Structure formats: C-alpha cells, structure tokens
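Below you will find the structure I want to go over with you.
A, B, C and D are the chain letters, set down in written order, and residue numbers restart from 1 in every chain.
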Amino acid sequence: MRNSASTFAQGVDLSLYIIVGISLVFLIGITAVMIYFVFRYNKKRNPVATNIEGSNLLEVLWTAIPTLLVVVMFYYGWMGFKPMRSVPDGAMEVKAYGQMWKFSFEYPDGRITDSLVVPLGKPVKVNLVSRDVLHSFYIPAFRMKEDMVPGKNNFMWFEATKTGRYDILCAEYCGQLHSYMLSSVTVLPESEYAQWLASAPNLADEHPGLTLLKQNACLTCHSQDGSKIIGPSFRGLYGKTEIVETDGKEREVLADDEYIARSIREPNADVVKGYMKGMMVSYANVLNDEQIAHIIDYLKTLK
Amino acid sequence: MAQSHDQHQDNHHDGQHHAVPYSEHVRTLVALLFLTAITVVVSVFGAALSTLSVFTALFIATVKVVVVAYYFMHLKYEKKIYSGLVLLVGVLFVALSVLTALEYLNR
Amino acid sequence: MATATAQVNYLEAKKGIMSWLFSVDHKRIGLMYLYALITFFLVGVTLGLLMRYELLNPGKDLVEAKTYNQIFTLHGVIMIFLFIIPSIPAVFGNFFLPIMLGTDDVSFPRLNLLSWWVYIIGAIMALSTLVFGDGPADTGWTFYAPYSVKTGTNVTMSVLAAFVLGFSSILTGLNFIVTIHRLRAPGMSFTKMPLFAWALYATSWIQLLATPIIGITLLMIVAERTLGVGLFDPSIGGDPILYQHLFWIYSHPAVYIMALPAFGVISELLPTFSHRTIFGYKAIAYSSLAIAFVGYFIWGHHMFTSGMSGTARFIFSMLTFLVAIPTAIKVFNWVATLYKGSIDVQTPLLYALAFIFQFMIGGFTGLILGALATDIHLHDTYFVVGHFHYVMFGGTGFAFFGALHYWYPKIWGRMYNKLVANIAFVIFFIGFNTLYFPMFISGLMGMPRRYYDYLPEFHIPNIISTVGSWILALGLILMIVNLIVGRFRGRKVTERDPWGGITLEWQTPTPPPVQNFDRLPELPKNGPYDYEHKPQIKD
Amino acid sequence: MAHTGLVLPNSGHNRDAEANKFGMWLFLFTELLLFGGLFIVYMVYRMLNHEAFLLSSFELNVVLGTVNTTVLLVSSMTIAMSVSAIQMGQAKRSALLLWITFALAGVFLVIKYFEWSAKIHHGLFPGMDYYNNLPAGERLFFFLYYVMTGLHALHIIIGMVIIVFAIRQTNNGTLTAEKHSLTENAGLYWHLVDLIWIYLFPLFYLIH
C-alpha cells in the first residue's frame, strides 16, 4: 500500500487488514482442506464413497460464524468511514472544480490554482463542483475519494498528517482524456503555507488571455497548433469563416469578437460543423465580459 | 413454494370450471367506479391537504388494483401460488422504491 | 413401458443449416447459443488482449485514447450482455434443464427459438457500432449519464442493443420458470430437483424481475439523446445519480444472474466426481433463493462515493455483507461434499476446484469493496477490476468451461483428449491468476480503472498482468482447439454415463434422441443425488 | 416426430392452458417492473420538485382523465365478461364483448389524442418554446407525463391488436369453451393496462 498521509488512512487501513486477515484464514484453510480431501479421498485410496446427507449442526455453525465475522467487518468499515462525512467546525474551505479534463481550485481569497496547497494538520473541506460530467476527486495517499456530480454539491474533507506532494487523480470515467486528468496536493507546514497564501498569485508575464485559457481547461479541448482534439483548434480561428449549424440549419459565419463571445457563452447555439453539440458547456457564469475580451485578444495572436 | 401437485393435471382443462357470472363483473365495476369517484372528490375538494391526498389517492388506487386483480383477473379462483407471486412482486417493488426514497429523503 | 426402437439422435435427426436456425428443439437451440456465445467471447477476449497490450507501458503503445475507451466499453458490453449473462442458462440450461426434469422440451419451445433470434439481433446491433455511426460507445458498459448523453459515439445503438438483449434474457427466464413448475417428472418434487435446476430457477426470477428496469432506463438514455429531453440532465433539474440507482437496481442483481447458474454447475460436478450425495442439499438449494432475494437490495454499494446520504451508505453496506452468508453456506457444503467421497480427478473437477478457489478470492475482495472505509479508497480502481474478473471469469467463466468439459460427451457423443485438456487447464489457471492478481496490487496503490495511460509507479503490476494475458491466451487457444478436434476426431462415446453421474441426463442415450428419452426416466429413491439407490442403467 | 414412441407423462398435456396462463402472469410481472422503473423516477423527481409537480398537475384536465378512467374500467369489465362468455360456450357473445372492449379502447385513445394535441398546441412539448421556458421541475413533470402516458398508450394499442386476434379466432371457431387461452390472456393483458392507469390517473391528474 502506498504511503499514507491523512487522518483517515489509519481507519481505512485497519479495516482493510481486518477483512484481509479473516479472508486469508478462510481462503487458505478452505483451499488446504479441499486439496487434502482430493488426495485423501481419491478413488484409488478410497474406492467406496460414504454418503453423508448433511449435518444440521454444521449448517448452523457455518451460518453463524460467517454472520458474526461479517458483522465485525461491517463495523470496522463503518467506523473507518464515519469521520469522512463529519467535517470538524472551523475547517478551511476550498472549492474544487472538475471539468473535462482538468481540476482547478478556488481559494476563499479568490485565487485560482491548478493544484491544491494545504496546511499540515488542519482540517480542509473541499467543496466539489463539476462543470460538465461526472468526475471523482481521488487522493490515494489520503485514502479519500468523492464524486463531482454536475448539478449537485458534494464535498469531502481531510486533515493531512505528512508534508509532501501527493497525486490527485480523477477516478470517475469522464471521457477521452480521463486518464490525464491529474493534479496534486502539496502539504506545507503551517508557516510555509501562510507564506504561500500571502504571496501574490504568480501570474508571470503571460498573456492574461492565455492564463484564462489554461485555468479554465479550454486547452484540453482546443489546441493552439491547428490539431483537432475535441473542439476546433484556436489557431487561425479569429477572422476565419466557419461553417456552423444553427437550429439545425447550416450557415457561414465570420469568427469575429461577437461570434467568439457567443461561442463561449452559448456554445450550443452555433455548433461548428463536424463537432458534437453538448460537449462544450456554457461559460457564461464563469467568465465575465472582461475575461472574454482578454481571451479574444489572445486568440487574435494565434495566427 | 413447492407446488408439486400443480403438475398432476388430469384431463379436465383449466378455466372451464369457473365461469364467473356476469353479475359479479357488474358488481366489481360498480365498486371500482365508486372508488374512482371518491378519489376524484377527495382530490378536487381536499386540495389543501396535499400530502395527505397523495397517500389517500395511492391507498385507494391500491384498493382498486386489488379489486381488479382479485375479481377481473380471477385471482380469487386461481391457485394460491398466483396470489402469492403477485404479492411477492408487489412487495419487491415497494421495497425497491422505499430504499430509493430513503436515500433521497436523507440527502 | 415403451422401449427403444430406432433412435435418431438429435444431431442427426435433420440435416441442413435451416434445420438448426429454425429448430425448436431445446438441445439444438442450446448448441446454437453455444456457437454464438463462443464467437462473441473470442471477440471480447481479443479486445481484452488489445487492452492489456496497450497497458504494457505507460503512454501510447498501440491505439489512441478514444479508441482505448471504445475498446473497454465494447469489451464490457460483449462480456456482460453477450457472454456471461446468457452463458450457462442459455447453453446448458436450455440443453439440460428439460432432460434433468425428465421431460421432452421446455414449456414454450417456439418462444425459446424466438429468444435465440432476439439474442442474435441484439448481438448484431451491438457489433454494428463497429461499422456504423461514430464508432462504438466510449462510456464504459455502465453508460453513466450525463457523459453518455453528450458523447458523439454511437451510444444510442449500444444501448438499444442492451435493451434487446434484455428481452432475450427475460424470455428465457420466463420459459424456465414455467418449465420448472409444470414439467417435472412425476415424483420429482421441488426438493427432489437437481441443484442445477434450483439455481436456474432462482436465476430466472432475477432475469424476469430485474431486467425490465434496466430496459426502461436505457430507453430513457435513448430519449435524451435523440429527442433532446433531459431526464438525467442536471441543467434542467434532472439527477445523474438517479440514473445510477436505476442502472444498479438491475445490474447488481445481474451479477447473480451470472453467478447462480455457475453455483448450480458446481453443485452438479462435485457429487458426480466424488460419487456421493451432495452435502446439505436443502441448504444449497434455498441459499440460491436467499441470494437472489437479498441481491435486490444491495445495489447501492456501487455508489458509495457518489454523494449518497450516510444513512443509505450504512444500509447498503450492511445488506451487502448479508449476501456473503448464503454464499458462504454454499462454499462450505461444496467442500464437505468432497469428504469421504471417492474422488475421480477429471478435467471438469479441476475446473470446479479452481472455481471454488478463485470465486473465494473474488468474493473476499467483494467484501473489501463492500466495507465503507475501504471502498472509498478502492472504488473505481483496478482493485474493482480484479474483483469482478475473479468472480466473473475465475468464477462463472471457469464453471462454464467446466460444464463444457463435463457435458461434452453427452452433447456430441465424443470425448476430447483428456491429457491435453488437463494441460490446457493448468496453463489457463496460471495465466488467469498472473493476469488478474496484480490488479489488486495496482488498485491498492491507487490506480484508477478505465485509464488509457498511467503513472510510472504502476508499471510493474501492469507488465505482469499483460504477460499473464498471453499465458491465458495460450491456455484458451489450446483448450478450444482440443475441444474442436475432439468434436471430429475424438473417441466415440456410446455409453450413457461416461462419468458415473446420477442426474437424469445420464440415463438417456448418448447423444440424446430428439425426444430426450427412450424409456421412462427412473428417479433415485431419496433425492437427486442418492448414489446408494442409483438406478441401474443398461444400454 | 415420435421416433421412440415414448410419451413422457409430464410433457405433452402439461403444455396447456395452465402453462399459458402462468407464462402470461410472469410476463405481466415484467411489464409491471418496466413501468416500475418510471414510477421510481416519478417518485424521486416529485420528492425533489414538490411545488413544481403540484403546479403542473393543474394543467391536466381532470374531467377528461376521469372520463378515460371510467372508459378503461368499463372495458375491463367487458373483457372479463367476454372470458366468462367463452367459458360458457357463448362464442358469439364473447366476440361481441371483445368488440365492445376494442371500441372502448379506441375511445380512450381518441380522448388521449385530444389531450395531447391540446398540450402540444400550447407549445407544451419537449423542444417547443413554451416548454423550454418552463421551470426545470415542470419540464420534468411534463416529460414524465408524455413518457408514461405514451408508453401506456402503446400498451393499449398492443392490447387492441391482441383483442383483434382473439376476435378472429373466436369467430372462426378456434377458441372454444375448452380451449380459450388467447381470450384469457388477452383479458389478463388488458387488465394490466387498466392497473397501470389506475396509478397513473391519480399521480398525474389528481394529486395537487
């Protein structure tokens, strides 16, 4: 089993060991008895079989013992699980967004990041939001997983017990690049975490439009080099004449500011020919006018 | 559930033995119409009692269903196993619904 | 008492392909299922092999991500709906249930033929996605909304295929229930019925009562895709979780459609090769009903991380553990059946023993998944993939091949090469465990399933798995070639009872005549496995 | 095909009316659960959208619904009578009663047609403007309304086809007092259609 780095790991691992332990006893025991019987009562050694119809005592025994044992297994499973759904008061809250095929995180101070940074030994509540289809937020080292369900608010919480960087994986199938939907959580000692929090978000000198494209996972579907992924490439998009389908009718449009803004706000109004309606979701509530303007500005540079 | 006797059919054919008299069918219909009338009246005049009327309506509907099954569908005259199986299916469906409802009620 | 006059066995009674395709003889229908099933199984297995090859190394080995996703979906759909659900009931149930009950056919022979045709139509629909539309669905066999509503691949056809296949399953189940109630030989009460018939009886009830629910659910997916209305679409208040509930309300009971007939087969194999009565007949018989019943109420264990309420998780986890108890009862009784037997180690028995071993591993890992804490960690990882291949392939698959080796001489009147069969079994067994055991390790390490690509730390278990798949392939090819060769070149079997079995199919001529019996079947005095009063049969 | 001349005591004559009836009941169970899936969907969405479902149900016409319920109940009686008739050997009367059932089924469908077309006329159908602008819960209600009553109507049509077969076989003398599985099974199927309506009616029209 991999390194464990949250308060849940103990409960999960304990119930795992208990079930595996009981199971091994039965597995090895039953297999051994079975093999022994096959040799001992082989037809060469035992040419005449004895008919035994059954035994009520044994039936009762081997109903009762497994019953007791499964109760034990259930109990440990439940005890290991119970804390996972009761968030301690005063937990710090982060919002995690899942969208095809990228996680992003929003901190209370408004900063948006690609990977999660949390303080050591502090409960953190993660509110799980999906922007399109089902995803699942999985941190193996924390033994923690919960689905992101569109239209429904789900959550999980954890308290990290070891500093370091741990993988975050998407564990619910979400389409083509499901296996590339990765991120990480970095656990920092409290002081370093405070430092991180104080530092200004590192925007570098990237074009703000590009930053937005990255942050919103646009680039998982739209390439910048002309290749087709899920959606049409951004290269040379601006100013091009697109064939789109509007209300079931084909027409030609010029990809100008207005068209691109509409494509972001209502992607299903004009569907580009050769692409699937419904793959791209509306970003009307995610990107404001100014941000969309930045994006368009950046798209102009992609000749 | 062992119905070992159900295979020792002699030569007389089933169904022949009970031709349900027409009058019984008429009485059944009257009962059903009466129950329908009650539900409609309850719902139209009892609009204020919304949740109550869900259960009343479903209860009356279930009574109607039992009447249809028992008289029109001849369960009354069939071997017990038929009623038993119908009951089993009913219970199964109710159990599935209740379990699902439990999940949503506790969200 | 009528005695045999000129007997024509069912294989030679009529000639020509039409006499098969439109035969209402349950034996011929069973064989037609067998041929179709094996064909689809080989397609599915080839897809499995491709997947393993792709996963040999991280990154791209063979196919693109989208193709990989389509492959595992088609693999799942074929294996579940075309292979494992129909497998034992449709082939061996059809062939042997009427004979074991001492009758000449099922209750509705024409309906039986219709089921086969419906099955073939469904299969053609499922495979047609390879050619039509934008390729096979890429949703996983679970077709979870809302992705299944959004994707451009041919989900509509795949889902309709599953719907049609469901009908075939329902009709078979219906036919078996009526047959069991109405056509048992005089003197064969329910408690004197062979355990295989009991298992089919319990299975049939699940087929009948669970399948319609997935039927309607899948139709709703079709409606969403084609009519654009959204029942599970969150943007109009629909609930994707509700889809999961409806899907698993069927698909959990469905795993017992896969498992129960296999239990039935094992309950036949053990007494035959131990030459003694089965231990705890009633316990085995009734536990099938118990599994079928409890199995209806535990579907939620597939949804522990979906954000269900805590109460629901509690209830579903508890009920999941309940289902282990009747299964445990079966396992113990099987092992006890070997006690003081006179054991004849033949290929079918080897499959039965491997079944018990592998099914236990599958079952125990099922318990790990049923416990809440561990499932949170292991849900949708390779641990689950390991679990279900152990129960489905290591369990039901092995029982299927065991049954094939067991009833083979009765079906064709020939015997395969036993030595080759045993060698194939050993390779098969080793390959199987090499392929699937490492999946538990990668699952515990945290490797999610349905992954086209994976992190380097999961590399080693994946290499072992892939090598295992090659060994498994070798064993399977050897087994199938041996069976095919045996069919044409094998030693002729004319005795009625080559294994010394006791159920009624061993009283009929080999291969059976069209009407199944050439004399009235004789029941042993005390129940179906009463070897002390085994009726003497002479040719 | 009697190659052996052996007649097994449990086969031939056990493939009889009783077996057909038993098979029919089993089939009805699957039908019940087919609708059962939809009832579960209805239940859940009703729990999640209580107000919207209440509001929407006012849009449905209780008078038409009640008339249709009555029509179906009467037709259920006529087909039950038809079964009694054939059992007593009154083939002519049995056929007549089947015709009446068929006619009542037609009446049911005509009324349903008017109900649906009135809704569609208002734009109250998935994909139409009025529908698309409704709040989410109401859209779910109407969608379920169309699916469930639509599937029910489909069953009515299948039932009518079976009834036509039964009429033909009654008239040409295939169905008799001794052998009338088809009439019985047509009856059972028809009652199932009735059973389902008995629940659909209050759930959609009455519960407000």
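By definition in this document, a contact is a pair of C-beta atoms (placed from the backbone, for glycine too) under 8 Å apart; a residue touches a chain by one contact, two chains touch by 3 or more.
These numbers were taken from a predicted model, which means no experiment stands behind them.
Think of each touching pair as a link: the shortest run of links from subunit B to subunit D has 1 of them. For the pair subunit A and subunit B, the distance between mean C-alpha positions equals 47 Å.
Centre-to-centre separation between subunit B and subunit C, using Cα means, comes to 36 Å.
Averaged Cα coordinates give subunit A a centre that lies 32 Å from the centre of subunit C. Residue positions of subunit C touching 2 or more other chains, listed in rising order: 181-184, 186, 209, 235, 237-239, 245, 249, 310. Shown for subunit D are the residues that touch two or more other chains, namely 10, 14, 18, 29, 33, 36, 40, 44, 48. Across the assembly, subunit B contributes residues 6-7, 89, 96, 100, 104-105 that each touch 2 or more other chains. You'll find the chains touch as A-C, B-C, B-D, C-D.
The touching residues of subunit C, counted against subunit D in their complex, run 2, 4-8, 13, 101-105, 107-108, 111, 170, 174-175, 177-178, 181-186, 208-213, 215-217, 220, 223, 227-229, 231, 235-239, 242, 245-246, 249, 513-521. Residues 1-11, 14-15, 18-19, 22-23, 26-27, 29-31, 33-38, 40-41, 44-45, 48-49, 126-127, 136-137, 139-140, 143-144, 147 of subunit D are the ones touching subunit C in the complex. Those residues of subunit B that touch subunit D in the shared complex are 6-7, 9, 11, 13-16, 18-22, 25-26, 28-29, 32-33, 36, 39-40, 43-44, 47, 50, 53-54, 57-58, 60-61, 64-65, 68-69, 71-73, 82, 85-86, 89, 93, 96-97, 100-101, 104-105. On the side of subunit C, the complex with subunit B involves touching residues 181-184, 186, 189-191, 209, 245, 249, 296-297, 300, 308-312, 315.
Those residues of subunit C whose C-beta lies close enough to touch subunit A in the complex are 65-66, 69, 138-140, 144, 146-147, 149-152, 234-235, 237-241, 274-277, 279-283, 305-307, 310, 313-314, 317-318, 321-322, 324-325, 328-329, 331-333, 335-336, 338-345, 353, 356-357, 360-361, 364, 367-368, 370-377, 379-381, 444-446, 448-455, 530-532.
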